[in-house]
Amino acid sequence: MATPPLVIDQLHAAGRGGRVRAFIERLRSGDEIAHLITLVFAASIFLLTVLLVYELYVNCALPRHKFGWGFFFSRTWDPVFENFGALPFIYGTVVTSLVALLIAVPMGVGAAIFLAELAPPHLSDALTFVIELLAAVPSVIFGVLGIFVLVPILRSQVEPFLKATLGFLPFFQGPIYGIGYLAASVVLAIMIVPFVLSISREVLLAVPREEREAALALGATRWEATWKVVVPYARAGIFGSVCLALARALGETMAVTMVIGNEPKISASLFAPGYSMAAVIANEFAEATGDLHVQALIELGLVLFVLTMIINALARLLILLTTKQGTAHP
Amino acid sequence: MNRPFFMRKLVNALMLSLCGVCALVSVSVLFIILGYLLWNGGRFLTWTFLTRLPTPVGEPGGGMANAIVGSGKVLLLAALTGVPVGFVGGIYLAEFGGRVFPFLVRYTADLLNGVPSIVMGIFAYTVVVLPMHHFSTLAGGLALGAMLIPIVLRSTEEFLRAVPQSLREGALALGASKSRAIATVVIPAGFQGIATGILLALARVAGETAPLIFTSANNRFWSRGWNQPTATLPVMIWTYASSAYEDWHRQAWAAGLILLMLVLVANAGARLILARRTSVAR
Amino acid sequence: MNRTRKSSPCHVYFAIAVACWSIALLPTKRLLSRAPALPSPAQVQLNGAGATFPFPIYSKWFDEYHKLHPDVEINYQSIGSGGGIRQLLSGTVDFGASDGPMTDEQLKQAKVPILHFPTVLGAVVPTYNLPGIHERLNFTPEALAGIYLGTITKWNDPALTGPNPGVQLPGSDIIVVHRSDGSGTTYVWTDYLSKVSNEWRTRVGRNTSVNWPVGLGGKGNEGVSGLVQQTPSSIGYVELVYAIQNHLSYGKVKNAAGNFILASLDSVTAAAAGAARNMPDDFRVSITNAAGQNAYPISSFTWLLVPSKINDPAKRQALIQFLRWMLTDGQKFCQALAYAELPKPVVAKEMKAISRIE
């Protein structure tokens, strides 16, 4: 991952006797200063994160002492009798994000392949420009469209169909409301497709022409050249885009809360209403009156942070493992 | 020979058309959303909307001039604080980094990216608003600035990495120091990409509501200086969209469209300028 | 070499970056608390925050008042009642606003005593979606509590058919919808259910958000009404203002006197008038299930929360004058925006209470 050491550094390192002189030289040329300054700036993001975690940690002392580890396993969320547990919210966040990825990643990568490999460059550029604009659409608008356009379609068409065809699976059983895990997942998928699409396309375009041409020259079909040569070459970048999309999905609030049903219950069915961590924070933070309630919400924020940390670490591990296995990698 | 070849042709056609379908579906869904916003917002957009202060429910001629300016001020502050840090930090990761520390920085940047914006808002509230004892434009700018840092950092790093190694070596071979090589060769080579990344990051935080509610709050009037609460477009959209009145719902749609158009203009303009500059330089 | 030295933008980037970030990194606490307020001698800007329910009428008032007194700008941010109370306690705003009165515990946390001033009245109405039924339904308190507790699950339950003779209620399951975001509307609704149902009070209780025994959550009034309109055989609750402005149909509710009352601006004011006779001095009173023949039972005041001691004389003067104006001329604006006015005895009592601000 790191840049290969530069030639000049090696030269300096070679001359042991001239070490001090080399250092002074580099100082004079500004290298050490530049290194130091950039280091300070890079470190400040680290400090910012530490400060954020510290603030969250300090501000959730009450529920930490009252519930301890039980906070993660309790299924009750009762603001009146001040009894708080995070399990249904953790479950909801994980399930909706994963299902959203299941929809968005094949969709986004497929579309990126089309735009990068097949579509005429001008059309591809124009479409990508418009898609990137969507990043600026306030998420409230996704939520509004979700509740008025998507949910009726899900209730009357998609969910009955899934129930009829795949109803033997526990994920597609139970009463149909329209809103619920599935609706939230689809809205999330729509919101993260632009991220997957635009970054994957960028990465695919960066794959050198020669790679494709070599594969085609060996008699591979267009698809084989893309799938067996270009995509593996770009795998790390595509994984990166998926990580970014996942991060966005985990933390999305407004759009999710409008379609997820906001019921802190755990059910296997994707048709059932549920709740997510970011949604409950957005819903209750402004109106929470009791200190314990406010701090329990802040603790949820911390839990969400830790969850993001774990998922990110897992994703990184996955990249590491797969790129080692792969034959072609950047 | 023939049958496997036929099968391969078939798979080729099938998968490529599947990719086409993916592209069609995702692009059309996204176009539907844009179209919906254009249609709903466009109907209610008038000139006074851009130049007047808000009016109470039911009084015609109300606008969001203060929110447009407010959004601009908050974004300016965010850019001033967030972009330099992310940019310079990105240079470090791409050009100077060792092993452990850059990994940590990269990792925390990805974590910060995933922090829900409302948590960022709560954070900015406890760190800036509580000690100051009042809401302010400054607090909102800092909250968005903090959100900008990880996005700018990661995109700067990516685009600098994409600069071919041969360019760096060429500069060094000509006797330039490392910092000079970075400043005069590497950064200009990656500048167009970096600028696009920064603009996209700004576009993303421009639509954020949650970090602003508890920091820059809202203002019915013009906000003087940087120390008073200010109106911003996303917060106005949020307040108006959740009100009971048809009149305010219309204004919320129009404000959504304005937000989108501002981002569009900034984006397209910057791309044009950058494209011209680089073509002249070449 | 010379050319590159001249045009090395790197140092410029660094200089700008370092300057900006060092400003941002300076100990913000000290820097910011010392930053002088803007010189605006003629201008008074008051900042307030709190309840979302009265936001439209407050913004109307502050706008009208600004027209009368151009030197006074009152700025209000609708962040929610709980948020308003917390901002007031932490001193980030000049006044707060809430749909529910502050608790004794919260009042104890305040540095100076906080005064409550009722401003307008609101009400919460049950709204439902039953295809084919166009009559207005009557709801008894027992029926509403039963539905929201999950003990009444069918529309043709005797508790619902009893008060609605002649209406062919279907045998379908009732789909219950409630607010998911913490809100004053939920506070009023659960406050009412706690008063009329023992089981509700002990099992669920009253708050801005509660642990709902059954039901789906919608965000905001529009979320609840959207869900109800789209889901056949569902029931939800929304603010009266929202129901009137969006032409939703809603049911009558049986009040303490035994009459089925339709929520309207008059029946809500009647509920307040019933409560006005024994209004406590601090105005912290719940008027759900109020006495009175025509009182609509799910009604509530909404309050401005004002510190009893304001150090800045200009701000104090502006706030006192605004309160006087709001209670007299300001009340005229209520009807047009579908808010219920305060009854006269309450206004008189509040005018006296204003003198407690010092």
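Couple of notes before you dig in:
By letter and in written order, the chains are A, B and C; residue numbering begins at 1 in each of them.
We adopt the following convention: a contact is a pair of C-beta atoms (placed from the backbone, for glycine too) under 8 Å apart; a residue touches a chain by one contact, two chains touch by 3 or more.
Only a predicted model underlies this, so the values are computations on that prediction, with no experimental measurement involved.
Using CA-based centroids throughout, the chain positioned farthest away from subunit A is C. When chain pairs are compared by their number of contacting C-beta pairs, A-B comes first. Distance from the subunit A centre to the subunit B centre is 16 Å, each centre being the mean of its Cα atoms. Our note on geometry: subunit A versus subunit C, Cα centroid distance of 36 Å, whole angstroms. Taking each chain's centre as the mean of its C-alpha atoms, subunit B lies 34 Å from subunit C. Within subunit B, contacts with two or more other chains are made by residues 84-85, 88, 127, 179-180, 182, 213, 241. Residue positions of subunit A touching 2 or more other chains, listed in rising order: 34, 37, 41, 44, 282, 285-286.
For subunit C, the set of residues that touch two or more other chains comprises 10, 14, 17-18, 21, 79, 83.
Across the interface of their complex, subunit A is touched by residues 8-9, 11-12, 15-16, 18-23, 25-27, 29-31, 33-34, 36-37, 84-86, 88-89, 91-99, 101-105, 107-120, 122-123, 126-127, 146, 149-150, 153-154, 158, 161-162, 165, 168-169, 172-173, 177-180, 182, 200, 203-204, 206-207, 209-210, 213, 234, 237-238, 241, 256, 259-260, 263-264, 267-268 of subunit B. On the side of subunit B, the complex with subunit C involves touching residues 54-58, 80-81, 84-85, 87-88, 127-135, 138, 142, 145, 176, 179-180, 182-184, 187-188, 213-214, 217-221, 224-225, 227-229, 239, 241-246, 248.
Contact residues on subunit C toward subunit A in their complex (touch as defined above): 10, 14, 17-18, 21, 25, 79-83, 85-86, 100, 103, 106, 175, 180-184, 204-212, 215-219, 223, 226-227, 230-231. Of all the residues in subunit C, the ones that touch subunit B in their complex are 4, 7-11, 13-14, 16-18, 20-21, 24, 28-29, 32-33, 35, 37-38, 40, 45, 47, 49, 52, 55-56, 59-60, 62-64, 66, 73-79, 83, 90-93, 220-222, 239, 241-242, 245-246, 336-338.
Against subunit B, in their complex, subunit A makes its touches with residues 1-4, 6-9, 26, 29-31, 33-35, 37-39, 41-46, 48-49, 51-52, 55-56, 59, 106-111, 113-115, 117-119, 127, 129-142, 144-145, 190, 193-194, 197, 206, 221-224, 227, 240, 243-244, 246-248, 250-254, 277-278, 281-282, 285-286, 298, 301, 304-305, 308-309, 312-313, 316.
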